[in-house]
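Alright, structures below, take your time with them.
After this come two complexes, each holding subunit A, first together with subunit B and then together with subunit C.
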Partner chain A sequence: MKKIKVTICTGTACYVLGNSQLLVMKDDLKPELLKWIDFEGSNCLKYCKDASFGKAPFVLINGKLMAQATGPKVKDEIERLYLDMLDGGE
Partner chain B sequence: MICDNNATIKRRELLTQIAKLCLDQSLQAEIDDLPLKRFPKNSQTTRCCVHAARAIVRQRLIAMMGFSVEQDDEKKALSAYAQDALKRDKVEGTILTVIDNGCSACVQANYFVTNTCRGCLARPCSMNCPKDAISFVNGQALIDSKACVNCGRCQKVCPYHAIVYVPIPCEEACPVGAIMKDETGKEYIDYNKCIYCGKCSRACPFGAIMEKSQIIDIIQQLKTKNPVIAMIAPAIIGQFGGKLNQLVSALLKLGFSEVVEVARGAEITVAKEAEEFIERISQGDQFMTTSCCPAYTEVVRKHIPGLKKHVSDTKTPLHYTGEMVRNNNPEAITVFLSPCFAKRKEAIFDDYVDFVLTFEELGALFIAADIDVLDCAETPLDVEAKISGRRFPVVGGVAKSVKQAIGDRVQCNEVIINGVTKKELNLLKAYARGSAPGNLVEVMACEGGCIAGPGVISHPKVSKGKIDAMEKE
Partner chain C sequence: MMQENRFIEVDHFQIFKAHQHVGGDVFACEKIDNDNRIILVLSDGLGSGIKASVLATLTATMATKFIVSYRDLKSIARIIMTTLPVCKERLISYATFTIVDIDASGITRVIEYGNPAFLLIRETMALDVSRKTEEIIFSPEDKRLVYYSEFKAEFGDRIVFCSDGVTQAGMGASATPLGWGDSALANFVCSAVKIAENISARELARQIVSKAHRIDEGKAKDDITCGVIYLRQPRKTLIVSGPPIKQEKDKELAHRLKEFIGLKIIAGGTTANIVAREWEQDISVDIAVIDPEIPPHSRMEGVSLVTEGILTLCKVSEILEKGISLELIKNNAARKILEILLNSDIIHFLVGTKINDVHQDPNMPVEIEIRRTIVKKIKQLLEKKHLKKVYLEYI
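Then we have the complex of A and B:
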């Protein structure tokens, strides 16, 4: 199985509008799930410069953009992908 | 404070908008349209209608421009407020203000009878009510909120668990009972009691308690040729991601002429407080408390005057830093970058500090000016503070530094008061009677220390991690 890649934008706009809180998300994920996730921070992804992408804060999950990201929304998506992965086998 | 709710995000967005208008010199021309732009016709709102939502945005903007909503003249246009804001030297009056249109006037009494009430024959609720506050209407119990004293007996005795406790979040958060309802059910703040800790403002789910911002005044200063000096609280270390030296560049880009760490003033506080401690204890004093937290010193002044003689006379890190900056540059305009609301009060009484900007406001200002901290190069500070000062904002940090400075000259046993709630208030009252469980008492009004202040952006865990990492360097 390939790991799920979660890119948290920590550019100033995203950071101030909520992503600062996502940096502690790891602490409340189950260890067996955590094993399958690659968290990385990122400089401004430039989505905040163009309103058509929606509103900050932004997170990329396996390359898919999430606008107005929150802890629960990100967690939900991660869990969905994880279950899909388990279903799909190796 | 912790950005885990919509009220926080909305506040930051609005702050960003106002900062942007001010930077673009279009505050007066465009601010009247802002409520309408936030809530155009047919937009969704948590309030009863767009007009109510706009009225609240209007009041928020008044607070963000530094005026008290309590004195609002509804006929006065936002642009007229903007004009006044751009003309004045300083924000006047109280630190906080209540957005009365925003206050939802939560429950009158904390106990409420739900629909599961069967109106039973036993009626233990009314039998046990000491104030005869319970009557029966349409076969169900009804609590008269005027008579109810919130004792909670009715809830305990109801066999159907039909009575619930409904908190009033701001009142619950206030450690000193300074916020309460007026005749109409809206909250107001009693400034004879308020310690400016800001807990109410972060607890209110409607974001109805706001601080009066100085952001406009500071932006105006940054536009002038005056030397405007940023005095950064050590809690800033964990705030924006990236390195401290990148943040320095970002501040210079905003227009500050110099950046000075308040942790350097903290080093002076440590040295003086250690000497003071040795002197006091040698003279037979039972204990001494720290004095750097302004919300705590307000607690003593307004609620526990008996503790006053135990509070250190040493000045705060902010004071010493301001003094240092002014001595070097008598013309300097000094701006304290702060995690704290109470520091605004301290600054009013300290001539060395001209303005206070919270981290949250600074964040909005960065976004408005399109400055990204992570994209900035590194600029070294002229003088770097030592860890003895940088650890001040993490709970236990002040005591640790002072204890280290005392060394083995006298025995020092520290006691840490981690956050002032109603419970700690009682502890402190007990200490005031003459003895504490140790002889050096550190008091932080915010649980976790200044890194958990009402004006911060980062999760306190993140900030603590960054400062702890410096301990090891």
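Then we have the complex of A and C:
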């Protein structure tokens, strides 16, 4: 299975609007799930400069953009992808 | 103080006599003539505590003022000594002093009264400096010896001067009945610069004082003070922050950063993206340590440090303003910037003036729009509190 890649924007706008919390979120995830996730930071992804992408903070999960990201939203998405992966892997 | 490639680093270190909270040793430093001349005074007030401190401060203040107005060293010494009260029983002045007057070209004048002789260290040797002795006669019973020297300090030289708390450390102990002594001090300094060729003025002063303190078995019998002057190459840092006002200037910004000789900091995500694009480099954010207040720093080849912009710079300014010591701060990007800046002598800020669209969000604090204001404030704080030479340029 390929790991799930979570890119958390640590640019000014995203950090102030909540991504600082997301970076510590990984401490709350179950270890067996955590094994399959690659967390990385990124400086401003530039989505904040264009209102059509929605509002900060932004996170990319396997390349897919999530606007107004929150801990629960990111967790749900990760879990959904993980279950899909398990299904696909069988 | 500096010419193009020459910097005069001055620092001192001090431990007070055990159980005293006020020092009778006072170290004063003043830059004059547009930073082209430095006057340093180390004064040791007789005894210790408040009284000694007041006398030493008085001496130091007078010395820094008089040396500006009088060319003749003898008159300076005389005026100071006449002004100071004299101890009736011992017929000695209430404060001894060393005054060093050094200019940007290295021309140095030293007046010494009662303190241990200063050392001139060239490479790893203590040089013999010729001293002129003058007797200043106040009355038939009161003649005092003052020493004058004048020489040209060369690039790489160090001048070390101290209070008798250093040379008399350990006095009375069986290993050092007469105290640590002048020549043992000179040997110690020579080997310290042999071990660490580029040792900073502060670190050398610290090592000397700590050594004397150890000889005193950790309980200073007198105030222990050491000042060091070091003529060396200045340490330079360039910090770029903010995208240039016009995109055409991006190349110039990237080029200036590339060509700079010294440490390089990028404070700003967009700025880092511009440089990464121009240099064709990758940026990687380090998320190993997370501070919820300050975004993590990143790495890019060819740059010493990459950080976020406004939040981090605000923090830098706040820490400088409050005067918090770095060891007490979380190891975040703001501290990393400060570690570099406080270790530099000359700091160039190159500030982009494009207004970041992102900060036009009304939810963001107003202060965030004002990169210029923060940088100006940092500049002032670095100049005033840390005597750094700071240049600010907009692009």
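Following the convention adopted for this analysis, the second predicted complex is superposed on the first by the 89 of 90 C-alpha atoms of A that agree within 3 Å, B and C clash if a C-alpha of one lies under 4 Å from a C-alpha of the other, contacts with A are read in each partner's own complex, and residues count from 1 in each chain.
The working rule: a contact is a pair of C-beta atoms (placed from the backbone, for glycine too) under 8 Å apart; a residue touches a chain by one contact, two chains touch by 3 or more.
Everything quoted here is computed from the prediction, not taken from an experiment.
K.L.:
Once the shared chain is lined up, is A:Val24 touching subunit B (first), subunit C (second), both, or neither of them?
P.N.:
A:Val24 contacts both subunit B and subunit C.
K.L.:
Who does A:Glu40 touch here: subunit B (first), subunit C (second), both, or neither?
P.N.:
In the superposition, A:Glu40 touches subunit C alone.
K.L.:
First (subunit B), second (subunit C), both or neither: which does A:Val16 touch?
P.N.:
both
K.L.:
Examine A:Gly71 and indicate which partner it touches, taking first as subunit B and second as subunit C; both and neither are also allowed.
P.N.:
first
K.L.:
Considering only the contact definition stated at the top, list the common interface residues of subunit A for subunit B and subunit C.
P.N.:
Common to the two interfaces on subunit A: residues 10-13, 15-17, 20-21, 23-24, 41, 43-44.
K.L.:
Show me the residue ranges of subunit A that touch subunit C in the complex, using the header's touch definition.
P.N.:
For this pair, the touching residues of subunit A are 8, 10-13, 15-17, 20-21, 23-24, 39-44, 46, 48-49, 56.
K.L.:
Can you list the residues on subunit C that touch subunit A in the complex?
P.N.:
Residues of subunit C touching subunit A: 269-270, 272-273, 283-287, 290-293, 295-296, 298, 306, 308-311, 356-359, 361, 363-364, 368.
K.L.:
Give every residue of subunit B touching subunit A within the complex, in rising order.
P.N.:
2-4, 9, 12-13, 240-241, 250, 360, 363-364, 366-367, 371-375, 457-459, 461-462
K.L.:
Enumerate the contact residues on subunit A facing subunit B in the complex.
P.N.:
Counting only subunit A, the residues touching subunit B are 10-13, 15-18, 20-21, 23-24, 27, 41, 43-44, 70-71.
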